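What follows is one structure encoded as structure tokens, with my remarks underneath.
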Amino acid sequence: MGDRPILTLDETRLLLAEYLPDEHGFDIAEVAPDGLVFTADPASLSTRPGGTVSGPAIFAFADVAAYLAVSAYLGKTPSAMLTSSSITFLEAAEPGELRARIEAVRIGRRTAVFTARVEDEPGRLVALATLHFSFPGRRREL
Amino acid sequence: MGDRPILTLDETRLLLAEYLPDEHGFDIAEVAPDGLVFTADPASLSTRPGGTVSGPAIFAFADVAAYLAVSAYLGKTPSAMLTSSSITFLEAAEPGELRARIEAVRIGRRTAVFTARVEDEPGRLVALATLHFSFPGRRREL
Amino acid sequence: MGDRPILTLDETRLLLAEYLPDEHGFDIAEVAPDGLVFTADPASLSTRPGGTVSGPAIFAFADVAAYLAVSAYLGKTPSAMLTSSSITFLEAAEPGELRARIEAVRIGRRTAVFTARVEDEPGRLVALATLHFSFPGRRREL
Amino acid sequence: MGDRPILTLDETRLLLAEYLPDEHGFDIAEVAPDGLVFTADPASLSTRPGGTVSGPAIFAFADVAAYLAVSAYLGKTPSAMLTSSSITFLEAAEPGELRARIEAVRIGRRTAVFTARVEDEPGRLVALATLHFSFPGRRREL
């Protein structure tokens, strides 16, 4: 596709701190040409009886990660809004850190599409999501 | 479809209290032949800067509502698991109570499909979700 | 929502004839304030061994119906493009005519969202789809 | 995941010929441990005015590819049924052959989940789909 993140890891981490000023347990492990990797501390995720991470908690993690990825690819875009998403839950996540691998499948002028592959600590794929964002026309200058 | 809830409003409310023993702000307004109506107190929903209810908070509300609807239609089914979902966000929710209208579009022996129409206090449709659940084979006796 | 179709049944039927000039077996049964109803002649739908209508044939029917609904609500919009969709298949369709009930859940300036409820001849719900369309900014003049 | 196709390329091609005995323009380019690659001859795909491949034609291609992938991973499973799917259309496909890369994200005892990445002849990603199949309990021997 030719699109690459234009923010660095540190710049993206700064946006995360601005976006979620309270304790949240999310961090960014990697900002690379082919995507971003986010982590979530299990203590920050709401769990179901038995200790399993809930589906909505996984979705919230993927949403924050993809929301920040919009800015990583386009420059700071606080007005980006999630317009639709589909998510499949594949396995119950083992206790431990979660990782979300975010791939930009389309970066357009007013919309962007990302996939999120969420893995648990042992590395098993626990969820797969597609997320569509829209934002006021940017990149007019490009 | 011919399927109707077999639990009453009070029985469904009891399951909600068991499922989420802590303060959560969710309640059930109606258990009727054609579906269930849940409410969410805005104070219980995580918001974005500006006071807008976040997409994942709306998704979490729809998920709890549909999870309890599984039991309302099938009898207590604590093992029901959300396997996949798609959600479209249509409008930013106005501050105030949210309502989720849950319709059972298919109640099968091991899977169930629900739609959730989430409305804000002024009654505008803010989100539309389809939720797929699976559960160990039940209704063998039927 | 307040949105109502602005084309009549005959005008919408004319667009269908323009859009699919060859024999196709689709027709429009109703254009009403709360939505449109399309029909599909089973002979026009590709079937699986055994005579069951295939999933993609049902999807193609819903797509044509929702594509025409864009124009019914906005005026002729040939440039509307399907950007994403989710579909759930609930029952195998019985042989016979299919009906697709199209509801406009959001008509925006550049995007529109529809749901399609597809029923078989006996009236059972066989599929449920959400379809997202985009089109160059219109309605500025409206 | 550890799951690998158990059919060879030739065996999968044989199933394609059985499943679609008439001329269809689909072929299989690769059956590898990490997935399958299908091709579609453009002459076999229904197009929109202007020569663009239609969304439903792309969906039909992904569906056939994933349906055969079920058998490639599980052994011949003619009863597999598509239960739900989400698809995002990213770019208009350029005229020419389409390729669908099928990845098995979960192979269960009664359900399987695949992703399809559909590329046009120049190699651009034109669509991304997630497909859920169910089938009567197999792998009884496990």
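Couple of notes before you dig in:
For clarity, chains are labelled A, B, C and D in written order, and residue numbers in each chain start from 1.
The criterion applied here is as follows: contacts are C-beta pairs under 8 Å (C-beta built on N, C-alpha and C of every residue); 3 or more make two chains touch, one makes a residue touch a chain.
For reference, the UniProt names are A, B, C, D = PaaI family thioesterase.
Not measured: the values here are computed from a predicted model.
Both chain B (PaaI family thioesterase) and chain C (PaaI family thioesterase) are touched by A, D. Same interface as A-B, judged by over half of the contact pairs sharing residue numbers, among the pairs B-C, A-D or C-D: C-D.
Spacing of chain C (PaaI family thioesterase) relative to chain D (PaaI family thioesterase), judged by their CA centroids, is 25 angstrom.
With centres taken as mean Cα positions, chain D (PaaI family thioesterase) sits 27 Å from chain A (PaaI family thioesterase). Look at where the CA atoms of chain A (PaaI family thioesterase) average out and do the same for chain C (PaaI family thioesterase): the two points lie 33 Å apart.
Among the residues of chain D (PaaI family thioesterase), those in touch with two or more other chains are 83-84, 86, 88, 130, 132. Residues 1, 86, 88, 90-91, 105-106, 113, 115, 124-125, 128, 130, 132 of chain A (PaaI family thioesterase) are the ones that touch chain D (PaaI family thioesterase) when the two sit in their complex. Chain D (PaaI family thioesterase) meets chain B (PaaI family thioesterase) in the complex at residues 83-84, 86, 110-111, 130, 132, 134.
Contact residues on chain A (PaaI family thioesterase) toward chain B (PaaI family thioesterase) in their complex (touch as defined above): 54-56, 59-60, 63, 81-89, 92.
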